[in-house]
Amino acid sequence: MSQARSIAILLISCPDQKGLVSRISHFIFEGGGNILDLDQHVDPNEGIFSARIAWEMQEFTITSSQLKEAFTPLAKEINANWDIYFSWEKTRLAIFVSKYDHCLQEILWRHRLGEFGVEIPLIVSNHPDLKPLADHYGIPYYVFPVTKDNKEEQEQKQLALLAEYQIDTVILARYMQILTPQFVSAYPSQIINIHHSFLPAFVGKSPYAQAFERGVKIIGATSHYVTEELDEGPIIEQDIIRISHRDSLQDLVRKGRDLERLVLARAIQYHTENRVLVNGRKTIIFE
Amino acid sequence: MSQARSIAILLISCPDQKGLVSRISHFIFEGGGNILDLDQHVDPNEGIFSARIAWEMQEFTITSSQLKEAFTPLAKEINANWDIYFSWEKTRLAIFVSKYDHCLQEILWRHRLGEFGVEIPLIVSNHPDLKPLADHYGIPYYVFPVTKDNKEEQEQKQLALLAEYQIDTVILARYMQILTPQFVSAYPSQIINIHHSFLPAFVGKSPYAQAFERGVKIIGATSHYVTEELDEGPIIEQDIIRISHRDSLQDLVRKGRDLERLVLARAIQYHTENRVLVNGRKTIIFE
Amino acid sequence: MSQARSIAILLISCPDQKGLVSRISHFIFEGGGNILDLDQHVDPNEGIFSARIAWEMQEFTITSSQLKEAFTPLAKEINANWDIYFSWEKTRLAIFVSKYDHCLQEILWRHRLGEFGVEIPLIVSNHPDLKPLADHYGIPYYVFPVTKDNKEEQEQKQLALLAEYQIDTVILARYMQILTPQFVSAYPSQIINIHHSFLPAFVGKSPYAQAFERGVKIIGATSHYVTEELDEGPIIEQDIIRISHRDSLQDLVRKGRDLERLVLARAIQYHTENRVLVNGRKTIIFE
Amino acid sequence: MSQARSIAILLISCPDQKGLVSRISHFIFEGGGNILDLDQHVDPNEGIFSARIAWEMQEFTITSSQLKEAFTPLAKEINANWDIYFSWEKTRLAIFVSKYDHCLQEILWRHRLGEFGVEIPLIVSNHPDLKPLADHYGIPYYVFPVTKDNKEEQEQKQLALLAEYQIDTVILARYMQILTPQFVSAYPSQIINIHHSFLPAFVGKSPYAQAFERGVKIIGATSHYVTEELDEGPIIEQDIIRISHRDSLQDLVRKGRDLERLVLARAIQYHTENRVLVNGRKTIIFE
């Protein structure tokens, strides 16, 4: 999506009823907005209406600062869960890494090409190893060594830093620490992890070793929002690659790297283009 | 999509302008319809608005017989190309085959399972070979042997038969005859072919032999609407499968069969669920 | 592979040592055999040599009836696990089904086309529903209704029938009964199941419902040898298909059907072309 | 494959006859070599035997310097096309680039991780743009601006430079110049290109624009050896990605980038691990 245009994006879900599209689109029309993209879906089992609507703001008569207030009465009436995003307010990402560089490399390279319309004001790590890569891209790199004893303390410092940098979303780009529930609850549906298996297969540690032992013919990677339960958060994106008996455990790790970085990159793209609605344990992806 | 519900589906495209979604959805809301699914897209280069909107007819105050008339004024005003379909008016398919049975087998098996919400009142062939299969499914099978000299004459008889059976759409399920422009023009955007290559690679005859000679690592199949230009019609669906140097030409044919039937089945599903908008040489597929 | 040729296939694994290929190929050369295909692999971690060697028997001076005896001294010396198969001795399959017809349909259709070089002398079921399909292909269909109380008794009758028909391999084509360890032990590495999930995800009952609940973006199917532990046998083949939030549980079932039949068909092909070596919990597939 | 081991790799093709595997493996056995991996294939139509054999050199009694001479008599007798490679003699690559960085980025990143067992002593370009990236990895970067008038002259300088650096293989990593036949003939089957389409679809210029115009549902990338005929050389690897009507031409370019770099990386891996045999217009890939 071109970043040059001024676009508003409404993500919304609510109990289904007649006239929802009509009322919402009328609200936009009255303001003078032209809808560019509307994707709407009703879950027939749960009776939940959900939609993503993007419209041009250029000739819109309601200013962006007034828009949320203006939409609130309608949203309340239909009992909606909603938010509005603006194309010029870029999502601010903090990337968390440990020692593996492939996911960070991929994110920073795409970022420089302008593929993500985001800002990446800082990188956080529990190891100093990837500082040269951060330096190459000119992004501040903060090291917080984590031990069993200092984890909560370090997380408090990290949270303070994230607040200072006004971070919206945390990307765990193969960050090898399990976050505490306190940390997780500070960024609900705003922490994205990449797990190196086809979840829910091979939860937890060493999924490639588990896959190798089980003799699967396909390995996968899964990007998901982090919740308190390990590897149980809503899945954003998954993909797979074929392996064979000729592949050693090292080959799985190598092939998996390619999956991990692509799957994480797609999840970041969906999230930062405001294409993801979290619905309980699941996500709706408006492609 | 459940066939039990009474659903109307509007497929529409027109020059983009403000308020289109609002006006169309308001029309549906005023009639008392509940929108179940709305997928809308604006092509930013061509400035073309296109949408597929599905709504429940159960409490709709405009009867289905009046609906098209009722929508016409709005459609005219916005200069739209449109049609409305009803879930209880099943598309009537004629399947054209020659000697290969895999596509026919697939279509009839899915049809019996109720995967397609269609009627298949007849099968047409230039050979008697597949009559036993048609008999097994209890579908009339008409044979029109085609030679260079009698082609137009036989096509006239086929067209008369299709008219008699009130056929909406013709499926060329590996029918090994090239239709004349006269036949094609009788069913614009209503004749679906399966070509056994990844178009536009390997247009024309013997695509597997062409692929084998070229040494490609992947073969494909393409389902498209038939136009006057051979293998040039708008593409509905494509898919591919990997091959290797171990695969003989016969292996390509065997592996390709699996592709052909799945790709054709998906194209039939998109078409008969009214998910395809033809836009010049291209299609929009509302998934 | 053309069935017209007379081909011998050696499947072999043993502790690795120098000269194995040389000695085995020399044995074939001395007999006057021309090797058509040799695929060999040494697992560097376990030090296990494994190979599949196919050669022409037409000018081979050792008759097929003497061949196994002739090879035994060498096999003993290298402490091998091995067997020799002949292209003209077709694997005899019994297909076990319940009520779903898609896998049976697929197998019988491919069988009639000659894709599998096998014989299918009978079909076994716990329900009468699929008898018409068996009749269409002219294959005897035996019904053994199974209850909690009569399971072992019915299995004994089934085993007697399989013995009578000289069955080599049992295909569970969506057979909805769990076999007892007694039955399983009668056909070690000769019972092939299709499980409708991407194992080891969603072991056990209702994998599509489990997948739907978990909100995965990809579903899979797995064909594996049956062992005493449910869904834990060596995996032969797996494949996947993408799904989205628009897909209902019924859509998963429908999309999964296409996967199940293709994955099972590929597993049957690998097995009956003697391309599978079982190595503990894993398989080696010589493609 | 572990680089620590000393391994010899024989790539060979010749007219098929009895005893080829036996004689070649006996040659290796007599020298005291242990075969680690043997993949052999006979093309039944053309009667061509081809094989890749890897064995350990550690206890091999023939030194690597004598090995080619020692093998020559047998090779002559069977009229073979062959070469022997040693794991410690790394292929020396020159990367040619223009302005796009994604393929270069991918190659250098994998190279640094040790995924390719190669040396990359220089990068050649017709533009200065990617020098900073080359600098980051510490690889000399040579700029040869090319115009219509100076092309042959510049190519002569490039060839001299490649000779000086003892380059084995040239990688065209989105190098936007067509090489002259003179250049191509200097490196037969040793120049690898990445073409941004699913060849033979969309030969020549602007394949993404061509794909966009044609309305395909899948785009591809193809890595092939360069021959005198543009985009007609033997294909090493291909892959594809799905697109939809929502994708603009810019989206195709973006999605295609991911394909291009992965397909080129796989082609480089096959080539530098000596897994590719060129057979006329086709390749055999020993996976």
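By letter and in written order, the chains are A, B, C and D; residue numbering begins at 1 in each of them.
What we mean here is this: a residue touches a chain if its C-beta (ideal position, glycine included) is under 8 Å from a C-beta of that chain, and two chains touch if they have at least 3 such contacts.
As the structure is a prediction and not an experimental result, all values here were calculated from the model.
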Intersection of contact partners for chain A and chain D: B, C
Fraction-based call for chain D against chain B, same above half, different below: same
Distance-maximising chain from chain B - centres being C-alpha averages: D
Rounded Å distance between chain C and chain D, as computed from the means of their C-alpha atoms: 37
Gap in Å, rounded to a whole number, between the CA centres of chain C and chain A: 42
Two or more partner chains touched - positions in chain B: 2, 41, 44, 244, 246, 287
Of chain B, residues touching chain D in the complex: 41, 43-45, 198-202, 213-218, 220, 234-240, 244-246, 248, 279, 281-285, 287
Complex contact set, residues of chain D against chain A: 102, 105, 109, 115, 136, 244, 246, 254, 258, 262, 287
Residue ranges of chain C in contact with chain D within the complex: 2, 16-23, 25-26, 28-29, 32-42, 44, 51
